[in-house]
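Here come two complexes built around chain A, the first alongside chain B, the second alongside chain C.
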Partner chain A sequence: MLTCSVRCQRASRQLFASSSTNPFVQTRSYASQPKKGQVVKQASQGFKGKKGALPGQAEPAKKDKKMAFQPLPVSQLPHPLFESDRPDTLSLQSFHPEMLTRIVESQALKFPHNDNDPFRIFGLPRNILVEYRLLSKPCSVIRSVTIDAINKLDAASEKESWQSRVIFTGPQGCGKSFLLLQAMQYCNARDWLVLYIPRATSLVNSTTAHVYDMRTRTYLQPVFAYQTLQRFLKVNAPKLEQLRTQTDLEIERRPAVPADTPLVELINIGLKDQGLAPTVLSAVLEVIGKQTTFPMLLAIDDFQALYGKSHYRDQHFSAIKSYHLSMPRLLLEYASGRKSFARGAVFGALSMSNTTFPLPLELCEALSLEYDRPYGPYVKRSSELVKYTHRLEKLAVPNSLTIPEAASVFDVWMKDRAVPTKPNDELFLSKYSEASGNARAFVWKGLLSSIST
Partner chain B sequence: MVHVLGVQLPDYQYARFALTAFYGIGHKTAHRLCARLQIHDKCKVRSLTPHQITELAAFLSSPSTSIPLPRMPLASLSYKPPPASTPLAVLKEETKKLAKKAWADPLRNIKIESEARRVVKDNVAHQRMIGSYVGKRHAMGLPVRGQNTQTNARTAKKLNRVDRRG
Partner chain C sequence: MNVLRRPPGLSSFRFYSTQTTRPFVPPASLNHLELPQRQREKPRPASPSFYTARPDFYDQLTSLESALQHAKTALTTCHLLPLPQFARTALPPRVNAWVDKRELGLKLRSNLTTSRYRRVVLVLNELETYRAIAEKAGIMELQEGIRGITELFERADAATMLARGKSKPVKFDEYGRSYTLGKRKTSSARVWIVPAQRPPADPSTTALSTQATETDSALDALLNPHSSSKSNEHVSVAQILVNNTPLSTYFPIPADRTRVIHPLKLTGLLGAYNIFAIVRGGGTSGQSGAVAHGIAKGLAAHEPAVATILRKGKILRRDPRMVERKKPGLAKARKRYTWVKR
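So, the complex of A and B:
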């Protein structure tokens, strides 16, 4: 009971806290209470009645579509229920690129909070978003594989991106998405240009508009390209202002963009007209690919979603392949090395928990991973996908956290009052053993599902 | 609200679901219709462009006389698109040369609204005309397919008739 009340208290405090401490505010339109005089329509009229408003009753008032679930600021929560008996003890060092060495392995560092945070603007994968809504500060634990990834990024900053195409692999819940997030934050702090796609599944699950284009012979996704341009500009604005186009660029339905045009101006062309966004995005990445002032990181989560059939259908109801959609095709061309940045890298993270977009055979073979279905030499492989997986490098994320890493994770959640009981070794070791060291299982099925007092 | 051929499609609904409001269009036909008109699965009715609505209305008004759509050419791995300044007429010409013949389109055979209701009415009238058991049951306003009449049968008693609306 005590556990439940404290957890509810903590959850309600998190939920109603001001957005200045917790930036992950959600806006939703929940069903409102019926207003005075408003009639609530019955869901079913039974055998005899017609569907629709009953005779003699007024039609229900329209819902206020602008209503959103806004959390209250902390100053409006004076009730003692919202007061905590323990002071806030989670104090973490900031994630600075200079301090990321083997010395800080197994330490938790908090991500800096500013207006142009890449993960606030680009978005986050669903699992990480849910965790950061519970935690008081977005943070992560530095692991040995983090240092390995950072070393690869340091090496990649002087090389072309086709030489540094790394995919994080590992079982589900081992921390691939977190690792990609850390890599992205590191690059952003190191003055790289960063383009982060947190959910590549949204490119192929038929949630944005698509239209066939005769020139490129692919299906353009103007809305997604527009949003990507907008976010890319917001995160990298200070660096993009220093870059200019090197050659004349042709754009549909308008005069060519002359050489030496600021890159920001080129991006604004795509932002003014959504129909031009795919062409502008492609042109912007080409310009960035030729410059050597700033290295570029292209980070893609749910990487395997780019390698399968999409949920889009063509006009004859055949499934559209992912490389016939403009956005996935653009990402695949950089991931496969067909297009390259003069300085930079392409990092991807697989998602093993998404059953709608499973790991395809071609990607498994390229990364020497175990395929979960029977296969052999007579199973057809798509030649296009095999070419798109050419020489991808694998970075295996260990399935289990080491004891010091798990201890840091435990420390973060304990200090953030995730579990009402006082932290002790017995709880830590029992949850660590139950989860076999798996990070997601340790946090979600171990700590947060614990009812021990 | 969008009105298409006398049927109201609410703005807040997904277009793929809203199309099932037409008599004679179920979920599968609605999915095919959306694919034909390049409407993605999560597109709401309020997001439909006027061009898409016009195409939808034009198609549904007479599906059998619609123009068969060719299969558009798709980019291979090594395809390099022509420059953006290429005139539209040139692109159309090249696309037309490479487009393949359309397959048989099941959507051209769909019947909606009054045509679909007429089909049901004609089927029942035919059964009555030939004096079949099915026709007799429709005439008596009783269940046709061997259901219980000792109890229930309320729907059949309400709806079954020779000139059934559908």
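So, the complex of A and C:
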């Protein structure tokens, strides 16, 4: 009990750095932030809260030191058996937006290495993260759906975001998350503002504190809002410095932010005080929504997690609906078109592998997908969720890779010596046939799990 | 007294003759008379087997035996009988499928006992032997003559009876699909295999390919092993559907998938055929084994040259291993209860 109350106090202190304490704060001990350097067992979805990091500190989101598997750096492998000094046979061209045409279809391109790479800062979905741990450099294969998505983005850059809300659908392991990653990298290279949520499940699976707010009558998630602001600022810093607020903005517990303030200053207000982060985040997105200098991409993976009950519990121990939480609510507003960016798009990718956050009926009906449970006119559909799925567009990712695409994937893994077997066409065709062309099955259950030579 | 004269009072009451013998007439006195020939009281029997117990049966048997005799004479005149031992062994061993006793009885219009049935069958077997000799020698007339007799006594389903125990050849339908069955443990799979279609060659690509020959491309590959030039050859891929779902969806375990692909991999026919299977019964590994067995049989039907490889790889044989029964006094099939010293 003592430990519980001590942790509660520590949590509340971290959340509200300002002296004023809100008597209506509800915090949960399980959501306490661990001390810096404390090793914490990672949940399967990473995205753990920043351990009370000081605002403004340049903290590159070096992913998950606490993950179970971390490959050794090359410098620690001096034995000749590891062949650390062998020349790099995986020669890939760089992912440049100009070269993305139908000609480079089914070619593997590597993502550029920058300090402010969006996927290094924002993080990656778990499956992609593990793959990039095994590969020598982060890369992906350009498919025909990539070119389709990029064409949609080019069209969306001139239109309002409510007109370009696209969700990637397809069976498990077909490449939706990779496609979203490629779209996000393209936008970043094309000087868009990018906000990428790699694991939307972590917004609703009760891993960070939630606080009921009387003003908005929703549960705020200050930690997530704070992290999002921090990462958003880091990735898009040069573009955000050019933007300014147009109107006065009211923010609680401090004087109003006047018009024509640099946007970076507004973000820093949220970074200084974690409790103000949710308000600041929505204000920042509103300001960006009004400006037309830069188009904005909001990319959300695990999109279906926003449309269901969260794992948070209210005081009656009933599950809190996702649209009653601040972060999912914000994302839902933009995804449904109720709020819009003047230029930009909202892209989402469903995740079929997650059984704790399955595909809800409302989303299935909006995207005309098959629902695996019995449904009919007597099954209740939540009217709020139906409104939030209004006119979502679907981009179906094909289940099987074409032969040239699969050949590129095979090439990448073979040249990187990630697979111990000899690369030959029999291995390729047999694993491709076993996987029926499915990308994840081909790589993980085919190439990486086989011991046949 | 004249016996022909009837007493007057009794002429209306006598309906029979009391005289049983005729008066004696010496035959010489009748020589000049032309009397009609007297009918025999009993007509001469039509066949010699009239006085046997079963005249119809013996008639038929006699006619069969006479046919046999004719055939034997014919073959003897052609110097084919008596056949030397080496020639007789060279004849294909024939298992005959004659009608059963009841049917034969109906044909011969008499109830047959086993010994009579056996007697007929012996004759038929001999006839069949002579037919085989005639066929082998090429005497078609004789062979057809004997065949005309023996086919009357053959079972309707003779072909099926004779093919019992032999593996039936796999039939192809009008689209070139083979249909085979595969089994493993308690699972059974019905497998249809059809050759994968190749797309018609583009005239543009064929024009290009005529310029670069195979040796050129092979040399290119040798000299520049790291070049990423990809040939535009179309690679056909086998589509495998099990219970109308793709293979990777139906069998999530990699071992099951590998088992299904194994016959294709062994024979090098990975992209050549599309496969559709309906499988029922058992569990995952049993079903995957059944599908693999069906695929192996289908591939052997499509390409007979490949059957040896599959037989050597032991996939063509139905795996006879089944779940062993539990025995009394044992916990399971082999597991014994814990031994207690006292």
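In this section, the second predicted complex is superposed on the first by the 371 of 453 C-alpha atoms of A that agree within 3 Å, B and C clash if a C-alpha of one lies under 4 Å from a C-alpha of the other, contacts with A are read in each partner's own complex, and residues count from 1 in each chain.
Everything that follows uses one rule, which is that a residue touches a chain if its C-beta (ideal position, glycine included) is under 8 Å from a C-beta of that chain, and two chains touch if they have at least 3 such contacts.
Computed from a prediction, not measured in an experiment: that's the story for all the values here.
Novice: Which partner chains sit in contact with A:138 here, chain B, chain C, both or neither? Use first/second/both/neither.
Specialist: neither
Novice: Applying the touch criterion given at the start, work out whether A:441 contacts chain B, chain C, both or neither, answering first, second, both or neither.
Specialist: second
Novice: Give one of first, second, both or neither to describe whether A:215 is in contact with chain B, with chain C, with both, or with none.
Specialist: Once the two structures are laid over each other on A, A:215 reaches chain B alone.
Novice: Of the two partner chains, chain B (first) and chain C (second), which one does A:328 touch, if any: first, second, both, or neither?
Specialist: After superposition on chain A, A:328 lies in contact with neither partner.
Novice: When the two structures are laid over each other on chain A, which of chain B and chain C touches more residues of chain A?
Specialist: Ranking chain B and chain C by residues of chain A touched puts B first.
Novice: Of the partners chain B and chain C, which touch A:198 in the superposed model: first, second, both, neither?
Specialist: neither
Novice: After the superposition on A, what does A:450 contact: first (chain B), second (chain C), both or neither?
Specialist: In the superposed model, A:450 contacts chain C only, not chain B.
Novice: Please work out whether A:426 is in contact with chain B alone, chain C alone, both, or neither, and reply first, second, both or neither.
Specialist: second
Novice: Classify the contacts of A:403 with the two partner chains as first (chain B alone), second (chain C alone), both, or neither.
Specialist: Only chain C; A:403 stays clear of chain B.
Novice: Please write out, lowest number first, the residues of chain A touched by both chain B and chain C across the two complexes.
Specialist: Common to the two interfaces on chain A: nothing.
Novice: Per the contact definition, I'd like the list of chain A residues that touch chain B in the complex.
Specialist: Counting only chain A, the residues touching chain B are 47, 205-212, 214-218, 250-252, 256, 279, 311-317, 323-324, 329, 384, 387-388.
Novice: Which bits of chain B are touching chain A when the two form their complex?
Specialist: Listed in rising order, the residues of chain B that touch chain A are 31-32, 34-36, 38, 40-43, 47, 69, 71-77, 79, 81-86, 88, 91-92, 94-95, 102-103, 105, 154.
Novice: Which bits of chain C are touching chain A when the two form their complex?
Specialist: Contacts found on chain C: 226, 228, 230, 235, 237-240, 246-249, 254, 257-258, 260-261, 264-265, 268, 270-271.
Novice: Considering only the defined contacts, which chain A positions touch chain C in the complex?
Specialist: 89, 91, 171, 399, 403-404, 407, 411, 426, 429-430, 432-438, 441, 445-446, 449-450, 452
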